[in-house]
Amino acid sequence: MSFTYIASAADWARIAPELVLAGVALLILLVDLLLPQTGAVPRERGAANFFVLPLLALLGVLGALAATIVLFVVGDGQRAFFGLVGSDWGSLYAYLAILSAAGLGIIFSPAYLKRLKLVHQGEYYALFLAATLGMMLLAAATSFMTLFLGLETLSLALYILCGFVTRRQSSQEAGMKYFLLSSFASAFLLYGVALIYGATGTTRFGARGTSAFPGVLQFLQAHPQSTTLLLIGIGLLTVGFAFKVSAIPFQMWTPDVYEGAPAPVTAFMSVGTKAAALVAFARVFAVVLEPVAADWQAVVWALAVLTMVGGNLLALVQRNAKRLLAYSSVAHAGYLLIGVVGGGATGLAAILFYLLCYAFLNAGAFGALSALERLDNSGCDREDLRGLWFRRPWLAGFLAFFLLGLAGFPPMAGFAAKYYLFFAALQGGHPELLLIGVLTSVLGMYYYLRLIAAMFMEPAREVQAGSLEVTPALAVAGAGAGAGVAPRASGPLGRAASTRTGGASTGAAVAVKTAAQATTRRAPEVEQAPETREQATEEGALAGSSLSWTTWLGLGLAALGALALGTVLPFWLVDLALKAAATL
Amino acid sequence: MTTIPVSWYLIVSALLFTIGTIGVLVRRNPLIIFMSIELMLNAVNLAFVTLSSYLDSADGQIFVFIVLTVAAAEVVVGLAIIVSIFRTRRNIDVDEMNLLRG
Amino acid sequence: MFPMLSTIIFLPLLGGIVVLLLPRERVNVIRWTALGVAWLDLLLALGVMLAYAQPHPTAITVGTVPLVVGEASPTVASVTFLLQEHLSWLPALGINYSLGVDGVSVLLMTLTTLLTVVCIAASFRVEQKLRTYLAFMLLLESGLLGVFLATNLFLFYVFWELMLIPAYFLVGGWGGPRRVYAAIKFVLYTAVGSFLMLAGIIALGYYYRTGGHYTLDLTTILNSSTHLNSTVQLWLFLAFAAAFAVKVPLVPFHSWLPDAYSEAPAPVTAMLAGAMAKAGAYGFLRYCLTLFPDAAHRLAPLISTLAVIGILYCALMALVQSDMKRLLAYSSISHLGVITLGIFALSAQGLASQQGIDGAVLQMVNHGITITALFLIVGFLEARTGTRRLEDYGGMARRLPIMASVLMIACLSSLGLPGLNSFAGEFLALLGVFRNNAVFGVLGTLVVVPAAWYMIRLVQNTMMGVRPAGGPVVAAERKGGLPDLDIGEFLVLLPLLVLIFYIGVHPLPLTFFVEH
Amino acid sequence: MASLLLWVLIPPLLGFIILGLLGRTLPRSAILTVAWGTVALSFLFALSAFLSLLGVHPDSQRVSDASVYTWAIAGDLQVHFGLLLDPLSATMLLVITGVGLLIHIYSAGYMADDPGFWRFFSYMNFFIFAMTLLVSADNLLFLLVGWGLVGLASFLLIGFWYQRPAATAAARKALVINVIGDFGLMLAIFLLFKHLNTVDYGYGGPNCIPGTSGYGVLTAASCQQLGSLVSLAIPLLLFVACAAKSAQLPLYMWLPDAMEGPTPVSALIHAATMVTAGVYLVARTHVLFTLSPYALPIVGAIGGLTALFAATIALTQLDIKRVLAYSTISQLGYMFMGESAGSYSAGIFHLTTHAYFKALLFLGAGAVIHALGGEQDMREMGGLRYRMRITFWTFLIAVLAISGIPPFAGFWSKDDILGALLTQATSVGGAVRYLYYGLWGLGVLTAGLTALYMFRLFYGIFMGSYRGAGPLKHGHAGSDEEEEEEEEEVITAAGRRRRGESALYEIYEAPAVMTVPLVILAILSTIGGLVGSFALFNYSRWQPLNTFLEPVLGSAPEGNLPLLWLSTGASLIFALLGLLIAWRRYGQGFVYKESRNPFYRLAYNKYYVDEIGVALLINPLLWLGRQASALLEGGLLDGGSRLVGRAFSLLSAAGRRLQTGYVRNYALAILIGVVLIILYYVVRG
């Protein structure tokens, strides 16, 4: 055994995006210390926390993005550090998705943190960037070692971020659950790695078409007969990945964690983790283990089908929007697994493209929810969302836009992505996956539309019996009924659409307005006493359209991205994904 | 001195791993659960070292270092979370943590 | 060349965005802007129609379809798209942005723009969320126009789904008490069909590949020498037919329709029934028949049987409805059955009947005109009294003579009175059917009897007979809320009435378009 | 020349449009100017067309076809809107516009008090347009258009008093049954087009070359062997249309109910013109009816049965308009019998004379009803001869005419038909001849019955002493709602009204505007038969109508003289017998007795056909519809959709139950996944 350490400047250049992120993360910690945290402007409101740090973090992400693009153009696509980390287009493409999600998550953060009065922001953004870094590392890993490193980096950062709202029990619980289960799953993954190492004698992946840094791929190409050791290793590896991409039956943590975690974090992690883990999954299975594909395909196929069906099915009766989106992300993981099963350049390209589209849609949807979530983690139930359109039309519009995109309606990105993925399934010789995917999409359509229906088509919720408040809406409706227009007072929309002007429709109009006010002024439910006062002020911040401009910016960017990806950009993005996939 | 066959090491490692797994499943204190997870990681380490030696390859040993480091980091984060929970709840039983479900 | 078709498609979309950005209080500005956009689009469409009617030497025949048959001598018809626009989009997958018109789509395009004008004008009383409503109406128009003008299957599907979104919101947002149920049911039914079609489209693109090049362009596919084997055709046909059968709808896939039609506000229902249902029939004609001729031949009896069952069964349903909108909804299914039957009037050799196609397309236009008028009138009536139940009405002709006359004309048109528009279409379509399959022809023609019955029932139970002693109608009347059609409402209906007469007397221009 | 016909069509159409759009605002005089003027113009043009046709020699050249515009071209189908002027259409046009004009004039008096005056005349003009279109079209498609439009006109006019439930129900019934006829006609057209590739009638001699001028279904029918099924199906489908329009069994039910319309409508549409469209169609397409040996006998059998069937009902009815309605049905049956004997001109001849005397009968009845303020029940009449002398005399002429008493019009035409039947019976061989004998017998019997019920009616109205209580104050014009409310008062006050002779003096003869048409029609009913054949007197040169129609309808089979005299004698004897019985029973005035005779009850209740139809056809259909609506639509489809949704929800809820929130359960799930995967690999590897 001899160790020689040679790291050229080119190697460092190949991981420039990661370096930028790491640097900025450290910088943020430093700046956080230097920023004035006391004095006339309290921490909870100062520009220091809510402008400088996020801006810095965003600049870091943008810098990494710039580095990624530079690498796309001028990079040599070679592996760095003796084949430990890739800088190929495939990794870079995954960076795009991860960094987009990170950027959006950061943009959604300040408003959210300000509303929840979370002041420890240096850590928050530093961890955010660290998690991003971990994801990128995971996506770019070309050795089981870097893979594990990336996985743990992102996980460790996310454990903390999930539990970041320390005053919220559900947040802590989310962090705890994520921590325990993820470590548990990592152990399986690691054991799998060990077994594969035992079977192949290397932890490097090895690259296609070159024998510069031989690895598992080369070994398997030479010995295509799989041993039991290898098979069990692959099985355990599958578990680890399946956990990270939340495939059924390893999905159970997903809804809990997504629900409990702060919404911007969920926005980020739901996309970033999935992107990184899937790219790694795809790389390991569809590229490195490709010679033994016959052995693992059935398992991944079963996972994909289970996940598509189960994810959509479980989401059907969800009434909490965050949980619903969590299950929907499970379902999307199922669709993505189609790409792994289908394999080939098209399958991988489809995964890459899908991830990019999904980044904007999902981050956008969670971002919209971040504007609704309250400190006690309420505010995202379907009941809360009822009649949102009448209270905050633009927010409802954005949320509906993202949900429709996730449901796969053109012209949003979701459709193009899904189309490509299903196409890949057919090309990979799996028409049954195409059919299952298509049919489960119908299930998916139901819950997205149901949520939209709640926002757009149902009146704001009526106050339960026993409540002290009688909403003006009911009062007006009652008065209307007294005036003999009872049939029309059925809902704020009622028949006003086609009825001619009369007492009734004006009555209905008034009802809408007051109902909206009533809901926003609604007294908090009976909760833990200390939070009540805070919540009252929080409600004030939620009321009306006083959304922070940053949230609007985030939503706008996400929507723009989703639309552009669905309509204009696929022209070359798909081509790019195809080329990128070939380099994985 | 006769060499102990590699398979024995691996069997020990598998046993350790299984014990860890069972520990995760049956214990309710997150600290102990976490210790079980550490046990699983160390079982893997044992496997890595054994295989590294068997294959005459450094990869496994390097991997062990990484795993150790990561495990240490995990301990830090895990304990922090546990402490944080303990502060608000005065109770860290994992079976009490089911606000989020369904 | 100026991208005329793109302009026509996207003008309403842009108009919708403009409408959304107008200040909320300027209600009249909002309304007139939307109407103006719709008008402009109609004028553009008419321009294209006129241009199409000119002899066009530059036309390039882009494909041949074994479609048309004279009784004695089968001839092969060519499909010619004019005003083609072509932009590469995802060439790797055969996806392009390509548009074009032929005679069928030029008619349906004009119909759509016309109906949008009418329905937007009829929506002037909407107050709730007016901007969004109008924006969705215009978006719906865009989607529909895209469906009719796209010549790439992917693009077609994009528009196909795109029109579903505004329809969903319009039904669910401005509908009656059961609107949510109706809207979701509508979309889910449609979604099952369209997702299957999506699978079909993907597969089609996959099968039509030459040396790694995929194609979804209709023109390329029709010119392609690739001939799908009959099993593949069969499955693909079924996948496509699933979408169209739900949209048209064919019995038994129609359960969404009475709910959606009766819950949606009248102008929206008019758009759904008048224009959107045609998208399904258009799909059958444009895609199922031309892309999969062998499968169409094999499955024509099945589709025709469903159509015939739908025709008669829904006529029976219409006969026993007491809700006017549901009555019209069932009548609509019944009439669309005739259209489907006409499209699938294949001869023993599997060649389509020119009369059947002509009649079907004519009937698409006619039904669009007539059902729109009917739904709007019922909407006006409901707006005055707040009820749609036939039992609540009676003897209204005395109070509402003009409305009674207009309703009468529309009903007569709907029941296929010779000399009015629907007759021309039904006659030709059924003639085509009868020629190739007497049984379907006879059963399809039988619909005229119940159609007369239920339509007359509609007129008589509302406008004639004894006035009710009490109930919502009398209550409305006491409050003075029962005026006859005002000038605005009449002007909304006027173009439809004119067309009802004109097409009935002189359908030649329409058949000209279909055949050229 | 045929383009002259366009000018027959346009004036009534214009009249309809003007009155329909502006009628509400026009004064009565203007309305009448438009309505009368347009029909008069139409009549004049029809007359000049007729005369111009007369000026053409030789006879076989008396045909002219003018294409006005192309309606549609669809594949090999070309439909032009064209007009055909030939003796048949000229005769029909003359009858339609002539009688139509008279009835328009009459209506001005009859409808004078009605608030829907303008509406009435616009509908009437529309009817004239539709009917002229029907007879002048040169192809089957526009025949169908006219066919449908007259049905619409009939619907509108039956339901003219739209606030009367009975009227609207009758209108609906008429329309639906007529549409059944349209259905038959459409199928016939389809079948013809399928085999002959055209919908034109064609003109000139047989022509088998498609696309040449004159090629059409009538000229090409003999070119192809259509097969026995098709060649029978075509005439039968056509006859379905005829039966619906001309109220033959089993589609006659709408005609008696149609009497809910104003009486001039009954006269014009439901007696003189529209209902004879079926007769016209058979005559027009007689070539097709001869394709199959079974077609004409079937037509004859149905006609004969209808004639007898309706006559028996007419014997028992009390409503004077219903008596006339059943008489119309019966007479139409006669016409079909005549046509079935191959003597189409006899059918057309009876059609024209029937138009005169039946219009006269209806208008006379209308005058009586008008005078009595809407009373239509024979029991409330009697003795009116003293107060309504013109009506009395003209009605008598009409009754004599319809009863077939020489020398009135009906005698000649009826005789023609019966003679033709007997001739046919003796000349054909095979079993069919018994049918024709039977038909002849039916005809003779019906002639007797006709005389019986007509004189019953006549005596009931005019003879004896007055049994009623004076005119009803609020007559037929019951469409004002204010009046509706008052109507109840009248009914409650009815008990106090004076009855009998003294009330008779409140009754007045109709105004001149109504009596003049009566007189004109009476003259026509008297001499109208003279245009028929004088074959009976072996004077074969005097048969102007037959000769005129011959180029279109072909020549009727020549009968021998004794046979014709036998037929005439028999029918005359039966007619006189009927007259005698009527005189014996009702000569002293009509007395209504409740009869328990089951046959009488059966006939009185119209053989319960309506009730049976409702019970066996309509109600089960509606029941089926309602059940299907509830079970299939609501239960199966909607419920099914909900059930599927519910099933998925349950599955989903069950899945959610697994999501317990306990970390250790989650870990267990992971472990299970691990075990499964490992097991798979172990088993596999």
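Things to note:
So that you can tell them apart, the chains are marked A, B, C and D in the order they are listed, and the count of residues begins at 1 in each.
The rule we apply is simple: contacts are C-beta pairs under 8 Å (C-beta built on N, C-alpha and C of every residue); 3 or more make two chains touch, one makes a residue touch a chain.
Note that the structure is a prediction, hence the values are computed from the model and not measured.
Relative to subunit A, the most remote chain by averaged C-alpha coordinates is D. Chain C has its Cα centroid nearest to the centroid of all protein Cα atoms in the structure.
Set against one another, B-D and A-B show the most C-beta pairs in contact at A-B. Centre to centre, using the average C-alpha position, subunit B and subunit D are separated by 97 Å.
With centres defined as mean CA coordinates, subunit B is found 28 Å away from subunit A.
The centroid of the Cα atoms in subunit A and the matching centroid in subunit C are 40 Å apart. For this pair, subunit C with subunit D, the centres built from the Cα atoms lie 37 Å apart. Within subunit C, no positions touching two or more other chains are listed.
Chain contacts: subunit A has residues 176-177, 180, 184, 255-256, 318, 446 touching two or more partner chains.
Those residues of subunit D in touch with two or more other chains are numbered 656, 659, 661, 663, 667.
Taken together, the chains touch in the following pairs: A-B, A-C, A-D, B-D, C-D.
The residues of subunit A lying in touch with subunit D in their complex are 176-177, 180-181, 184-185, 188, 226-228, 231-232, 234-236, 238-239, 242-243, 249-250, 252-253, 255-256, 295, 298-299, 310, 313-318, 443, 446.
Remark: subunit C residues 68-71, 185, 189, 252, 254-256, 258-259, 313, 316-317, 319-321, 353-355, 358-359, 395, 397-398, 401, 412, 415, 417-419, 423-424, 427-428, 430-431, 434-435, 438, 441-442, 445-446, 448-449, 451-453, 456-457, 460, 463-467, 505-508, 511-512, 514-515 touch subunit D in the complex.
Interface residues of subunit A facing subunit B in the complex, by the touch rule stated above, are 1, 3, 144-145, 148-149, 152, 156, 159-160, 163, 166-167, 169-170, 172-177, 179-180, 183-184, 187, 190-191, 193-195, 197-198, 201-204, 255-257, 259-260, 318, 323.
Across the complex, subunit A is touched by residues 88-90, 92-93, 125-129, 132-133, 154, 157-159, 161-162, 164-165, 168-169, 172-177, 179-180, 183-184, 187-188, 191-192, 195-196, 198-199, 202-203, 205-206, 265-268, 379, 382-384, 386-387, 472, 475, 481 of subunit C.
On the side of subunit B, the complex with subunit D involves touching residues 21, 24-26, 28, 33, 94-95, 97-102.
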